[in-house]
Amino acid sequence: MKNTFGNNVSVTLFGESHGAAIGAVVDGLPAGIPVSEDFICHQLSLRRPIGKISTPRREADKFHILSGVYNGYTTGTSIAIVIENTNTHSSDYSDMRSIARPGHADYTAYCKYKGYEDYRGGGHFSGRITAALVAAGAVILSALKNKGITIGTHIKSVHGVCDRSFGNIEEDILALADKEFAVLDESVEEQMKDEITKAADQGDSVGGVLESAICGLTAGVGEPWFDTLEGCLSHILFSVPAIKGVEFGAGFDISNMYGSEANDCLCFDGEKVITKTNNNGGINGGITNGMPVVFRCAVKPTPTIFKEQETVDFKTNENTVISPRGRHDPCIVHRARVVVDSVAAIAVCDMLAAKFGSDWLA
Amino acid sequence: MKNTFGNNVSVTLFGESHGAAIGAVVDGLPAGIPVSEDFICHQLSLRRPIGKISTPRREADKFHILSGVYNGYTTGTSIAIVIENTNTHSSDYSDMRSIARPGHADYTAYCKYKGYEDYRGGGHFSGRITAALVAAGAVILSALKNKGITIGTHIKSVHGVCDRSFGNIEEDILALADKEFAVLDESVEEQMKDEITKAADQGDSVGGVLESAICGLTAGVGEPWFDTLEGCLSHILFSVPAIKGVEFGAGFDISNMYGSEANDCLCFDGEKVITKTNNNGGINGGITNGMPVVFRCAVKPTPTIFKEQETVDFKTNENTVISPRGRHDPCIVHRARVVVDSVAAIAVCDMLAAKFGSDWLA
Amino acid sequence: MKNTFGNNVSVTLFGESHGAAIGAVVDGLPAGIPVSEDFICHQLSLRRPIGKISTPRREADKFHILSGVYNGYTTGTSIAIVIENTNTHSSDYSDMRSIARPGHADYTAYCKYKGYEDYRGGGHFSGRITAALVAAGAVILSALKNKGITIGTHIKSVHGVCDRSFGNIEEDILALADKEFAVLDESVEEQMKDEITKAADQGDSVGGVLESAICGLTAGVGEPWFDTLEGCLSHILFSVPAIKGVEFGAGFDISNMYGSEANDCLCFDGEKVITKTNNNGGINGGITNGMPVVFRCAVKPTPTIFKEQETVDFKTNENTVISPRGRHDPCIVHRARVVVDSVAAIAVCDMLAAKFGSDWLA
Amino acid sequence: MKNTFGNNVSVTLFGESHGAAIGAVVDGLPAGIPVSEDFICHQLSLRRPIGKISTPRREADKFHILSGVYNGYTTGTSIAIVIENTNTHSSDYSDMRSIARPGHADYTAYCKYKGYEDYRGGGHFSGRITAALVAAGAVILSALKNKGITIGTHIKSVHGVCDRSFGNIEEDILALADKEFAVLDESVEEQMKDEITKAADQGDSVGGVLESAICGLTAGVGEPWFDTLEGCLSHILFSVPAIKGVEFGAGFDISNMYGSEANDCLCFDGEKVITKTNNNGGINGGITNGMPVVFRCAVKPTPTIFKEQETVDFKTNENTVISPRGRHDPCIVHRARVVVDSVAAIAVCDMLAAKFGSDWLA
């Protein structure tokens, strides 16, 4: 399946960084869901580079919905969204064609595609492709919102500078929706940006951790084997370039707890069952328990740096060094958060469609 | 798809803890792969409870291969393996039918299956089902070994007591193969077991971290979207009960590194390209780079504890307390490691079959 | 996926004719569907050989439900059904190990499985495997019936002797349910049986056509691309051994009609839209229109005959002749009809689960 | 999966007849396959309406490859092909918005999409969408040809006027490649066209039968359950609008044969095993036997006719009559044949990729 994710609601990706266009096909949504081009624009804007802490490449992200939407509503057939590539400087890359950039997929792409890959700007591996994911995700996030399900992600940390954790999650998600730099505690924003610019000034880069929550999921979504909610979410999350770890609830910290600490005690909150803690991240046995689903993603520092690094030339088969030029992001954590929201929405929507049927989503 | 994982080589699971039997169907393996019942037995023995640090439930794990193997070789058709349940004490559970055990899937199962679930012994959620995964995994691990691919997992930590990290990974995997309690540094074994018995004595439980490596994978396996090697592995890993986090290479630690630290420099080792560090865990852009694939799983403390905990009775809709009885494991980290090997083998085998074809595996 | 069919409700098959057992795993059914072992028995009895017109191999078809059913209801987890093989005469086949029986899969199995196939009794290709399909289908047919959907198949023709076509389809389906030899016009039964015994007496075999109908499907089930109802049904129907053609509505005859004859005019029957004719077999654009879905399958004459035939020995690479011995069916049309009902139920159930959700089926 | 077909090599369709564009995403092809835009043009030209026997709607079928092809070769990533819609007369359709055209999908689309469908020109149900299938198929047909596999389809009959059957199949396929009106015996071409124009003159339409062959497939491709070659081919063939029946080899005629007639005797032709007849259409037990795969599709008469027909208005819930206007084809058999070639190529390519691996195709 490769570039397609999802069985009941699916997204198919295509495109290369410096090709004609990138895009996505969203399939399986029922007819009658309102589609707002404004909201797609808004989501794309959250992914766009900002100020000094991002790449100078600024794409207009002009998109066209080619199919599947008519008079502002989904028609129930596949929705193709195409985003033009306009601002491409391919010559930046041509001279390092066969010199693998460390941390990038240059060498693995060469091994897999045997030299036929469109290497310009990272080709199909480029973070650019996530714009298509964000556009597709916007359509799905809207559909979920209509069913009372909201998703939000904040920058939990950048190179060690930490945001507070989620508090009142529903309110936090609401507050994050329009933030260009998504922190809950705005007092840490400048420190984080300082870390990024400090790294940028040295020709280096930094990473961080994103923390996400999904609210409004009814209890009973997910499967014990193999389509656990954790499994399906992580499957798609690891597609987001630079993510190297995914954890739910207390995550890796849970491995140091006693069972009596880790277990989330249950109680009634009115007629609703809740848990007093949420160390399991809203999921038991792969299935939602009605609490917010909480997870974190480790985002590595952007591999493109302007320091000299040892590497290989896989055409001449010689060791060499590289000092990349071109445009790049000293940190992509803040831009990745809307991508995380988008892919989480895709995975959740697919699971809901499996349980309740495609028709239910309308 | 639910109980089936894999597109080209797939495993379908069935069974409940206290039902007639559990089992798995392995499909997609080509004809001509030798199947050793002894090796399946061996792998099942690694999953079995040991000494004081495990549940007193001791299953013979007697298995029957019903199909797909003839004269000691795969026939190329689906392989059904059935394992009888014999040592079941269902009465241990009947009186807490509707009282949700915190940390368990009782409540989520009830939400999903509306009271029709076979709740005895955890039913389909029980760790017991992993015996079927281990049997299926044994067949696949053998097939991979014939292609030069080996997988090994050690107990990286138990409640804070740490094993050393992988050193010479191929040798380490070899050394782990027969260990009942899989640590690389045997001097930590007693400390870990002490932590477990200490928790058990208090009616409590502990968790830990498993670290795994896959050796012998050629560069070029995996996809950039959506079937990254990380994504496919994590998808199935989160099915292993109690796993709440998965990370590759440096994992969450990478979020605190500079790009210049995190990037793995490449160089030639003879004719082979290697990386000097392995912070990316052998994977760039979702695709293997020829280095060992390294990942870690966070395993939560076993949810069954003998301490009193607050919870709900979802039949009477009242708050209540529970003090579970029955048999249980104060720690399942050491038993889970062979399950991790097994599911990793299933995911890897499926990806190899996609790339090279089912026929290649023979 | 090979031995698994279906995305939302799926069936996984395993087994060989002369192996330990055959079986199926049904996955994706929600909890709470009643499962009647008596009905499974009944359906298996309809597949069993009868009198002189069938093979003397008589299997008890004793089945065991290993999982997924508890207290007479589905639990919502995967249902494994195993049927023992008991009455096997493998020696009948051993001496023609490498001599391809014309019309059988011996040669293609050898090409695919390279000699590792379990060739005894046709192995995994045997019609015997359809017993597992019938058992799985029985569970699903019951579930569909609870939703008002019924499926029935009659013997439209045997070697040119024709039954009448469907009349009042709902009544016809009801009448067929218990018939051992499923004809609508019982006056043709003897003629058909005569054709079969006449062929059997000559050591030859005959085929025929099965005609099926599905009633009670709401309008709007199916997809225009690629999961048309026709496409999904035919996909699984061609798994039934000996089926070489599938047609819907007027089928191949429609190619000789004018559009003005072929088009089914619509009108209101009370509040319901019906069509005056049903040349499209209840399907337009791949989607049900609310009329009964009607299709026919061409069943070839059983390939096992007792006449001498030219063939090859694929071990010695020489031309040779074969005169098969053993037990066989001079006609399998009457036995195949319950298999057709079963696989049609599987395909339809999967499509309904996609549209309305797994939960809807309960 | 709906608009996606194939597991290893897949095609995802999108578009509506009168929307902005239609298109397809081809995924799973390895890097390094040459892609000829000329050949895509050529294939599209074979689908285009011709002379008096087709619709006056003439689309330029201008296509753009947005991704996955670089310097004339596949890159190994997903290939998006977009075809603009230019020549649209939507007003032809607006006034019959809610009046179901008999034989069309208007009513079923309404039931499924609840009025949100883009009804203009048949929307997503339009034969127009097959242009995208033909473009995608062209890429795949080229890839197959490089592996020695050729596919060809001729018009076996139009409203009872018959072409000869396949003779030397490889030569016949070659001869068909460039024919605008694909008959083997050119002497029947005028009679067929006469039937079409005769029907057109009466405001009526005719159908026919297409016969196809696939040459060069090695023995051993396909599965016994459930992915038989017949099943996979028919699954996608029924997506081609107007196809109501699919048969292999002798097809429905085989139901009237004796086993001794139907069985294809085997013999050596040099070192290769062949069959003396091909009643099984090159497939035994769902698996290729090395003979040409031969199948036929029944194509119904185009449902759009200019005669008055009874039908319903599904908005006013009244019976009514309809006399469609607009542009239409009095016969689509000759245009459908390149669509059949295309979808057959997609199904076969997917099966080969499963068996031999994606990499093998390059």
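Read from first to last, the chains carry the letters A, B, C and D; within each, the first residue is number 1.
The rule we apply is simple: contacts are C-beta pairs under 8 Å (C-beta built on N, C-alpha and C of every residue); 3 or more make two chains touch, one makes a residue touch a chain.
The shown structure was predicted, so the numbers you read here are calculated from the model rather than taken from an experiment.
Q: By that same contact rule, can you tell me which chains touch chain B and chain D alike?
A: Of all the chains present, those in contact with both chain B and chain D are A, C.
Q: Work out the mean Cα position per chain and let me know which chain is farthest from chain A.
A: Most distant chain from chain A: C.
Q: Where the centres are mean C-alpha positions, what is the separation of chain B from chain C, in Å?
A: The computed centroid separation for chain B versus chain C comes out at 38 Å.
Q: Taking the mean of the C-alpha atoms as each chain's centre, how many Å separate chain A from chain B?
A: Going by mean C-alpha positions, chain A sits 26 Å from chain B.
Q: Which parts of chain D, given as residue numbers and ranges, touch two or more other chains?
A: Residues 1-4, 7, 13, 77, 112, 124, 224.
Q: Could you list, by residue number, the parts of chain D that touch chain B in their complex?
A: Interface residues on the chain D side: 7-8, 77, 224, 353-360.
Q: Could you please specify the touching residues of chain B with respect to chain A in the complex?
A: Spelled out, the residues of chain B in touch with chain A are 1-5, 7, 13, 100, 102-105, 107-109, 111-112, 124-125, 129, 157, 159-160, 199, 204-209, 218-228, 230-232, 234-239, 241, 243-268, 271, 273, 275-276, 279-281, 283-290, 296, 298-305, 307, 309-312, 314, 317-319.
Q: Name, in rising order, each residue of chain C that touches chain B in their complex.
A: Going through chain C, the ones touching chain B are 1-4, 7, 10, 12-16, 19-23, 25, 27-28, 31-32, 64-68, 70, 73-80, 82, 112-118, 123-124, 362.
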